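Same chain, two partners: chain A is paired with chain B first, then with chain C.
Now for the complex of A and B:
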């Protein structure tokens, strides 16, 4: 073990960690928008929207992320649509994460007893106020732990975007291992960066839970 | 190969599909080019790809692309009067990417074989690719290639060098265990860890690895393989581009640029064929 390898490559690893964070957060944000839309569709009470949402979730949760990325980047190109690497990476992460986040949100909304909604109607709350004041705050609180779980999983899964040529953290660790012929040091270095990022994410989750109050 | 099916699509259905999908994503670039060389000249830029984990040919040194291929392609592009941009892709994505027209030329060193000649257009050789073995520096039991009987040999899956060590052992009547790895760096790591007894790769790669870690690795001389060469690879229908690249490469050999690059990275110079050689394997 020669820690100098990690020190020497510290700047390179930091830069790669930045790429991993940027791509993951863009993927998480896109996934949240898609997830919210799909969740609304699934709970809308309209048959065709429910089916559409179900099909979306089945496809993007059922096909490995690696295959989705290869499809977006390489297969669409053979059909004449040249998707840039960054768009393919963020899109791939976002589409897949959207399927998981939709189910997390649906689960959280379903966990609120239906009596609350009925009581709100009986007390004369408008539909907007019912969602804004009663349903969403509680659902969000319930969704925080599984959402943080999903964000951490996504951040680690973002190592797959190297197949479209993006130099993220795992890829750069491999580059360092290849250049120095010292794989152990390179991967320990990369692993420490992942750990630091995910601890920060978990910490942010704990803060958010405290802010919104515990869900009991 | 995953993308083998793409020939099935007619030009019209391709156009229709791309138009339909073009609406879905903002500003798509249609990947049609009648002549890649003309396209490169027009843009003033050639896009090349390799895996930057193949020292001394392709190295990413703290994010800066270095190595034999980098210096050669820069010189070639200068001859052609264009700029170069480099893509770092995992090896398994490089050839599919070439077929999907994600870039113009693959500058990863590819060993010329009969099988590959049918599918890709090769440049004139850029380096020697003759297969050799590397052992642990303190291993006294292997001193020449014939000593590998009963040993475990590691190498990168699907490479010409791995195929050659199997053929070599068969020909000599030696029994060896072969372990296949996703890439050579894992084979080197297992060699250092003592899980295998030798790694097979091209002589230039091994000589560089042994020079970087002389306390750990040593090359087994002489190389055991048939003389073979590394070339760059283009699409079969990009003959004009390959012709231009070849002309530049031959010129670089004539004016001493190639020898200078070889001296930097291999410590010695080697004469290379001026035409694409008939593959021996």
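Now for the complex of A and C:
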């Protein structure tokens, strides 16, 4: 074990950690949009939308992420679209995360006592105000802990994106291992970066929970 | 969809599926064992041991599985740990899942009502019987659903083993794709196959879980 290898490659690893964070952020944001859409579909009361949402969740949670990533990557290629690997990567993470986030949001909405909604109706709130002022603020508050958890899982899953050739933390660690012939140090270094990011995320999550959760 | 190619490669694909199932079951069995040992270790009186176990769980859960596999497979030889790809895969899966299983067991033990343990102690039951007859049955009832859930998650993680060249299903499928230029077909078949597999395992898991919970609850 020669820790100097880690110090020497610190610059590369920091840069790669930035890429990992950026991809994960983009993935979680895309996933939130998809998740919200799927969740609305599932709660819309229209039979075909509910089925469609259910199938989406089942497929994207059932197929391993690596298969999904390669599928998107090759699928776009067979269509003759020369889409950069970055788009395939963020798309893959976002689609998969959307399925999980849809369930998180549904769970949060279901956890609000039905009396809240009934009281809003009884007080003459319009449907828009009922959602905007009563349901969404409470649901989002409840969804914060599982969403942070999902973010940490997604950040770890983003290591698979290295397979489609994006120079994020895992890929750069591989390159450092290949350049220095010191795989142990390279992967320990990369792993420490992941650990640091995840601990920071968990800390931020605890803060957010304390800040927003007190209103319950 | 090119069925001839799939048929021609059927033997290697079935063999790959066998390796997948083997890695999954061996890795999870190892993970359950280590996880259970860690959960018991939390009760040790030595504070350092408890802190070390906590560190282990946090590190394993805080880093990607792929990174851990690389560390074991490529980094292992630097400290004299030379493993075949499959052995590294099984060990990696075992270590990775052990962190999750240990938390599940810990939660299970924490859910055992204090009064039951106190009652067992007051009638003079020896500690090992308190563990096997009082705490374990109750803890397993609580732990059964999340264990089944984690087993399903791990079945999907086995795909990652293909990256360190474990000859499991995904690896064989990619070999086929590379040799026959049928990347899209292969990945599509793969997606459908895994979806069906995970759906099947989830349904089976839910059924087993219901049975096990009912059985344990009636005997606890």
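The definition used in the following text is that the second predicted complex is superposed on the first by the 211 of 216 C-alpha atoms of A that agree within 3 Å, B and C clash if a C-alpha of one lies under 4 Å from a C-alpha of the other, contacts with A are read in each partner's own complex, and residues count from 1 in each chain.
We adopt the following convention: contacts are C-beta pairs under 8 Å (C-beta built on N, C-alpha and C of every residue); 3 or more make two chains touch, one makes a residue touch a chain.
This is a predicted model, so every value here is computed, not measured.
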Notebook entry, point to check: Of the two partner chains, chain B (first) and chain C (second), which one does A:156 touch, if any: first, second, both, or neither?
Noted result: second
Next item on the list: State whether A:1 touches chain B only (first), chain C only (second), both chains, or neither.
Entry: second
Next item on the list: Return first, second, both or neither, reflecting whether A:194 touches chain B, chain C, both chains, or no partner chain.
Entry: second
Next item on the list: For A:167, select first, second, both or neither according to whether it touches chain B, chain C, the two together, or no partner.
Entry: first
Next item on the list: Check whether A:64 is in contact with chain B, with chain C, with both or with neither, and answer first, second, both or neither.
Entry: second
Notebook entry, point to check: A:74 contacts which: chain B (first), chain C (second), both, neither?
Noted result: both
Notebook entry, point to check: Between chain B (first) and chain C (second), which does A:183 come into contact with in this model arrangement: first, second, both, or neither?
Noted result: both
Check: So which positions on chain A get touched by both chain B and chain C?
Finding: 70, 74-75, 77-78, 162-163, 174, 177, 183-184
Check: Within the complex, which stretch of chain B touches chain A?
Finding: 2-3, 6, 9, 14-15, 17-18, 21-22, 25, 28-32, 49, 52-55, 59-63, 87-90, 92-93, 96-97, 99-102, 183, 185-186, 188-189, 192, 209, 212-213, 216-217
Notebook entry, point to check: Which residues, counting only chain A, touch chain B once they are in their complex?
Noted result: 8-9, 11-12, 15, 70, 73-83, 87, 162-165, 167, 171-172, 174-175, 177-181, 183-184
Item checked: Complex interface listing, chain A residues touching chain C -> 1, 58-59, 61-68, 70-71, 74-75, 77-78, 152, 156-160, 162-163, 170, 173-174, 177, 182-188, 190-191, 194-195, 198-199
Notebook entry, point to check: Tell me, which parts of chain C touch chain A in their complex?
Noted result: 58-59, 62-68, 70-71, 74-76, 78-79, 156-157, 159-160, 162-163, 170, 183-184, 187-188, 190-191, 194-195, 198-199, 202
